[in-house]
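Both complexes below contain chain A, partnered by chain B and then by chain C.
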Partner chain A sequence: MAERTLDCLGEACPVPLVKTQKALEEMAVGDVLIVNIDHSCAMKNIPDWARSVGHGVEIEEVGEGEWDIIIQKMK
Partner chain B sequence: MQNETEKKLSFWEAYFKKEWSYTAGGVMLVILAVSLVVVTGKAWGVTGPFAVWGGKLFELFGVSAESLNFWAEGIATYDFFKDIVSMTDLGIVLGALLAVLLAASFKIKKMKSWRQVVAAVLGGVLMGIGARLALGCNIGSLFSALPAFSLHGWAFLLFFFLGAAVGSQMLKRYFM
Partner chain C sequence: MSNAIPVTRTRRKAQTPEERRRSKIIQISLGVVVSIVVLFFAYLAQQTNPAGAFIILVGTGFGYTLQRSRFCFTSSLRDPLLTGTTDLTKAVVIALTLASLVFMALNMQKFGMDLKQLEVEKALGNVLPIGLHTAIGGFLFGIGAVIAGGCASGTLMRMGEGYAQNWLAFVFFVFGSMLGTALLNLMKTSPIFWTGTAVFLPEVLGGWIPAVIVQFGALFGLYVAADYWGKKKAGAL
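For the complex of A and B:
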């Protein structure tokens, strides 16, 4: 089970979502992707998309205006 | 790590920290937009004053904007604090600041690359040109036009989607 971090700090929609989708395509089932974001819309559209395709999602606030979205690829 | 479904949210978390649902946001927008029409008699707009500010900027550099047809009306009589659209524009910025401070999420973001700067400036210029050619942005020419049953809102919507489709392909190809 691999873990990968994707730095999307300073990037606005829809860039973080598209990068997340691309990164997950390259990963194997069970792998974990940690996306660093500081754009609050990405905190909604990335988890919304990931849950809609069935991945496991958790959000962690790491600082003021900064979050990690932790996604486990499920299929 | 928090599990959103199990944890009971405090009042502050539920209303100021966590984002509102699209439905709650939409209902608030409608209430505010209707209130604006009731109080001021005019529908919500955003980009109109930008043209005036541009004209004022030209005048700083000695260009007589008032003598040009584009600015023939408005620029001489314009008063920032008496112009409703300018006031609502200021309100958007102050309101966004207030919301982000209440959520304790204020952050000055770093620029990631020159490519990102170019994309932002190019996008801003294109949006500015588009908003002036269409005599309004997605607020004045779409959000305020559709409830008024104005046909130009539907024309705007069609080309707005086409522009967004082209723009997102450009974003994917050149700026990511």
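For the complex of A and C:
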């Protein structure tokens, strides 16, 4: 089970989501992707998308206005 | 989520409960201070403008709603293609339906039910010609929104969130609006742009009833289409 961190700090709205989608495509089922974000919009659209696709999602607040989204690829 | 993700990672440290409690206290105190400042400004504005307090309070409420709900006009049109989610699309259709109701009521009051005193130029709520300028403007706006990381309302809302990129974007937002206003009269008289006529449904269709049917029928159709698209995308993936 591999783990990968994706640094999306400073990236605006659709970019973190697109990067997350591309990163997950390259990963195997069961792998974990940690996305670092500081754009509040990404805190909604990444989890929403990942959940709708069926991945496991957790959000952790790292600091004020900074979050880690932890996604486990399920399929 | 029931099957929790196994945690074996080296990464940034999450906030401790104590830190979280402290930032909560700071946030609430700041919220109280900002609310008092807004009320004070509303009071000041009321001294010079009879609608001043109303405008400031509605604006603040609008911003609060945008921030909390993550309501975003740009992503309502982008997400169906990018992620296949249509929740925001449906929210925008509902918002348009509510706006249409108020728009209709105000214009009914102004022109009467029989449309005898109808003058489209005087209709409330910006009934303006569409044309090439609409398409070009939309395209430019899209490029700008991607670079700035937000549309117009999103930029203003994220300035409040403290996203520095949008402070920079705001400077150019103001500059661009100024340029647009300066060029507006030139556009209006140009033979290429602004050539279409303004479409006011009750005038085109000859009455309020067909206009209501077309307007709300189209909105209902959009809602059903968005709902179908969202369900199809979620199922197919």
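Note that in this section the second predicted complex is superposed on the first by the 75 of 75 C-alpha atoms of A that agree within 3 Å, B and C clash if a C-alpha of one lies under 4 Å from a C-alpha of the other, contacts with A are read in each partner's own complex, and residues count from 1 in each chain.
Operating definition for what follows: a residue touches a chain if its C-beta (ideal position, glycine included) is under 8 Å from a C-beta of that chain, and two chains touch if they have at least 3 such contacts.
Owing to the predicted nature of the structure, the values given are computational and were not obtained by experimental measurement.
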Inset, instruction - Could you tell me if A:Asn36 is touching chain B, chain C, both of them or neither one (first, second, both, neither)? - result: second
Inset, instruction - Once the structures are superposed on A, label A:Val18 by its partner contacts, choosing first (chain B), second (chain C), both or neither. - result: both
Inset, instruction - Based on the superposed arrangement, let me know which partner A:Lys44 touches: chain B (first), chain C (second), both, or neither? - result: both
Inset, instruction - Check whether A:Gln72 is in contact with chain B, with chain C, with both or with neither, and answer first, second, both or neither. - result: second
Inset, instruction - For A:Leu9, decide between first (touching chain B), second (touching chain C), both and neither. - result: first
Legend entry - Broader residue contact with chain A after superposition on the shared chain, chain B or chain C: C
Inset, instruction - Tell me which partner A:Gly54 touches in the superposition: chain B (first), chain C (second), both or neither. - result: second
Legend entry - Doubly contacted chain A residues - partners chain C and chain B: 10, 14, 18, 39-40, 44, 58, 60, 63-66, 70
Legend entry - Footprint of chain A on chain C - complex, ascending: 1, 3-6, 8-9, 11-15, 20, 23, 67, 70, 72, 74-75, 78-79, 82-85, 87, 146, 148-150, 154, 158, 161-163, 165, 233-234, 237
Legend entry - Contact set on chain A toward chain C in their complex: 1, 3, 5, 10, 12-14, 17-18, 32, 34, 36, 39-41, 44-45, 48-49, 52-54, 56-58, 60-66, 68, 70, 72
Legend entry - Footprint of chain B on chain A - complex, ascending: 9-11, 14-15, 18-19, 38-40, 43-44, 58-60, 63-66, 70
Inset, instruction - Within their complex, state which residues of chain B touch chain A. - result: 1-4, 19, 100, 103-107, 109-112, 116, 168, 171-172, 175-176
